[in-house]
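Letters A, B, C and D mark the chains in the order given here, with residues in each chain numbered from 1 onward.
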Amino acid sequence: MAELVSLREAVAELVRDGDVVALEGFTHLIPYAAGHEIVRQHRRDLTLVRMTPDVLYDQMIGAGTARRLVFSWGGNPGVGSLHRFRDAVEHGWPGPLELEEHSHAGMATRYVAAASGLPFGVLRGYAGTDLSAHTANVAPVRCPFTGEQLTAVAALRLDVAVVHAQQVDRAGNVGLWGISGVQKEAVLAARSSIVTVEERVDALDPRCRVVLPSWVVSAVAVEPGGAHPSYAHGYSSRDNAFYTAWDTISRDRTSFSGWLRRHVLDTGGFAEHLRLLAEETHRAGAA
Amino acid sequence: MAELVSLREAVAELVRDGDVVALEGFTHLIPYAAGHEIVRQHRRDLTLVRMTPDVLYDQMIGAGTARRLVFSWGGNPGVGSLHRFRDAVEHGWPGPLELEEHSHAGMATRYVAAASGLPFGVLRGYAGTDLSAHTANVAPVRCPFTGEQLTAVAALRLDVAVVHAQQVDRAGNVGLWGISGVQKEAVLAARSSIVTVEERVDALDPRCRVVLPSWVVSAVAVEPGGAHPSYAHGYSSRDNAFYTAWDTISRDRTSFSGWLRRHVLDTGGFAEHLRLLAEETHRAGAA
Amino acid sequence: MTATAPAGVPGSIVDPALPVPTADEVMTVAAARELRDGAVCFVGIGLPSLAANLARRTHAPRLVLIYESGTIGAKPDRPPLSIGDGELAETADAVVSVPEIFAYWLQAGRIDVGFLSAAQIDRFGNINTTVIGDYGTPRVRLPGAGGAPEIASSAGEVVVVLRQTRRAFVDRLDFVTSVGHLRGQGSRAALGLTGRGPTVVITDLGVLRPDPDSQELVLCAVHPGVDPAEAVARTGWPLAVAPRLGVTSPPAVAELAVLRALSTRGAAA
Amino acid sequence: MTATAPAGVPGSIVDPALPVPTADEVMTVAAARELRDGAVCFVGIGLPSLAANLARRTHAPRLVLIYESGTIGAKPDRPPLSIGDGELAETADAVVSVPEIFAYWLQAGRIDVGFLSAAQIDRFGNINTTVIGDYGTPRVRLPGAGGAPEIASSAGEVVVVLRQTRRAFVDRLDFVTSVGHLRGQGSRAALGLTGRGPTVVITDLGVLRPDPDSQELVLCAVHPGVDPAEAVARTGWPLAVAPRLGVTSPPAVAELAVLRALSTRGAAA
């Protein structure tokens, strides 16, 4: 049963050093507030999982939370490289980062298998590529009816899934709409789950395409704007300017470290970070 | 691209004798109008596919359209047996009916595999039951990662899928909401598809949980009430009294044949059948 | 645990204004009592649905009802005639596709209790809902498997509800549609099924539970006024009777009143 | 078929009010022309998205755009910065989950054209978007596979768009992320992939297509004013040049006007 708690309590209770954790979101609804809280609480040695690690994972990797990354596409969409991710992989800063990488279709199939309680899933994929040479979680499988060879991928089970959604109702049911990614599968693939939401409502908006019943969610925290610079359909727009600005902030270790201290480590919570950002934008506009 | 045609044209053009045809619907949105049209056009030797063959398939089996039935549960929900189905299986009337039966989970997995372009799907199922002894479409498969034995089921590909939905928009996109069953999977598992809808609208209702883009549907026919005695959420309620009355109508070959002639074979279309039904109900009420 | 009136329900005093409970009512009430509050219950139509809705309106208000039509957390005002009635979708917390309900919810082990009925049951709680007689030339063609095989294999535990007769409680099933404890002696576990299988069979005569070692069903309790000899006589195998046979608490006034209100609403639908 | 201006677009006369097209613009226009009206197109972000949206606003108004975020039939007013911009969901005919877009739509063979870019490409149209250098100790870590491997294997055909340089057009990929024609000579077909693979590679210099027998890429056309020797020089293998080398039609006024309007709107986002 979903407990309504502060994000600080949720992370303190549910995320442990060394856990396999996915903060999912496909451009939309990326749980930035929760990711910052994990950094603020100095979690270490996490295996971070996500189809599309973007700026949030760049921040978390740069902050040293991750020992390992399981993913399919790591970049700053429409902007370019993730500099902290590259620095970790290419130069081991702030520490080495093990990689396990797949295709999007492979990752999606792995989440679906885990959400379905199966040890593996089947797809047409990987054949002829170098991807399968670097992971033990891809193997051939033969169709018992046609003899055709297909590809099996191992179920991707998580310790903790973290997602952001638009709403939670009084009974603790979580609802989201717009681009829904693999959030449902991630939550159902995890032993426990944390959901941040824009707001608490009496009844979920009828547009909700995905509803997570209260009893499959471990903790819900209300964090308005908790997906910034990603967005929550119906509540906010993607802050494309921040994604572009990140390219400069993150290019250099010193500049990144300063930003991380100011915006994450030295803040009391995500709301303070959002206030700081607004002030900086205002100052930049005035300058 | 979905063509807007009459149901008569759609069936005449797309359903051939001997085809593998699914008229899907899970209590909700059962395409009765289309099923009656198939009977009216005297299609023969069909392999009828459906998870929950109910009164519509009882009518089609009694009318002699089917050579074979692939299914997982055949009954009159909440009422009892399907007498025409039983008569065909137990006594070969009006002709023998081959059966291939599965569990619901097996059928759903078979549809999903076909919709996904895979030759098979995997589930935890069938183990220890007598079901797999009677079909070639169930086989063991081993997880290449854990060694665990699971069950493979063959993809369920269709020649034609027939479903009923609430709406089609001006561009030919089909939308439905409420209990959505396996209708999407059936349409995506088929070479061609016929959709009947309650009405044509300028823009689909935002409640639509399933949208079939125009280009995956072969033909759309507007048939208001075309799911009766099943229902269309937001348009009609389930006619439970008809389901109960069917038990009497169908119990006896003569009574059934009279009903079929009066309500299907001698009518020009489903609207006429609905008018007849309303008259009969009115007379019964007056008597 | 035998089926007793849950704490807080006022005893066994039947309201004189209510008629004496029928055997079916006693069975339904006993089945409802098996459902603990907050449990997630996968419900078939008919008696299971009636019992689950009774539980939700008495001792288990937070019971989560899941129907195979994809409705999660349905709160019907009256027991639905079919598993896909509109009211289930309207009152549900979530409505998902049929493939999803079986894969993400049942198969993944998210169901605490599966509620099944049967045409035939054997001493190990295996179930037949397919045919009476030979498969190729059946005397009676039954509806078939539906969701039962995977409910039986994947639900945390299974509650079976059916009337006790020699035609239903048979020495040998004509067809194994859904697996209970297979051939007993741990053979179910060896099959790799994820759920624990039938933990109780509720009939109109009493309550049967599998023996912990052999997994053979044992008559553990009879309903008030039932002679255990009748249960033995209505069973197609030599039914084991627990040395300390219990008696179930009769339906409480509140239980019976709710059940009858539900039945009336269902019949009026 | 070489890339020529579609019928109905008024010739190659460049409007003097518009600046001369850049090499990237010529490339984007040539890529857009590869998309026939009504085709179902799986679009990556960046140049592919820009070209697909250009096609939809010129000769292919009924082009169906699918983004891997699950938006089917998106009709963005401006090219999205990311594949998950809100406008894609708002203007789409349907929004589905990410597992569904890959299983039911791409893998099932419902995509006519997949549109890809690359960091490295070899003579058989195989693609690297993973690393430059050794996998374990890369010189440059690239974003990785994303949706590309299955777009490359399952789309009916694949259009690749990238600038032609010796760093990109390499003799040997550092990593095979997505399969084109593998080692040529029918080796792709032997792998059992359902799509036909890359049918064209559009660069800022010209148009390459696989030889029907060997599947090695052949320079079939150059853009106006491009010396084929430059294309050869900017290719890391001995590039075959078609005996009857074509010249693409320069961007038409209408094409260029629409492209620039799109680019401006995209940049302003």
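Things worth noting here:
The definition used in the following text is that a contact is a pair of C-beta atoms (placed from the backbone, for glycine too) under 8 Å apart; a residue touches a chain by one contact, two chains touch by 3 or more.
Because the structure is a prediction, the values reported are computed rather than measured.
The chains that touch chain B as well as chain C are A. Comparing the CA-atom centres of all chains against that of chain C, the greatest distance is found for D. Separating the CA-averaged centres of chain C and chain D is a span of 59 Å. Rounded to whole angstrom units, the spacing between the C-alpha centres of chain A and chain B is 41. Multi-chain contact residues of chain A, defined as those touching 2 or more other chains: 112, 117-118, 123-124, 148, 184-185, 209. In chain C, 103, 107, 154, 194 are the positions where the chain touches two or more neighbouring chains simultaneously. Chains touching one another, given as pairs, are A-B, A-C, A-D, B-C, B-D.
Per the touch definition, chain A reaches chain B in the complex via residues 117-124, 136-137, 139-141, 143-146, 148, 150, 152, 154, 206-207, 209. Interface of chain D with chain B (complex): residues 38, 40, 64, 72-73, 93-94, 103-104, 107-110, 154, 194. Residues 45-46, 68-71, 80-86, 88-89, 95, 97-99, 102-103, 106-107, 130, 135, 138-141, 143-150, 153-154, 175-179, 182, 188, 191-194, 269 of chain C touch chain B in their complex. Touching chain D in their complex are the following residues of chain B: 1, 112, 115-118, 171, 173, 184-185, 188, 211-216.
Listing the residues of chain B that touch chain C in their complex gives 26-28, 51-52, 71-75, 77-79, 81-82, 85-86, 89-90, 101-105, 108-109, 111-112, 123-131, 134, 148-149, 178-182, 184-185, 209-210, 231, 233, 237-238, 240, 243.
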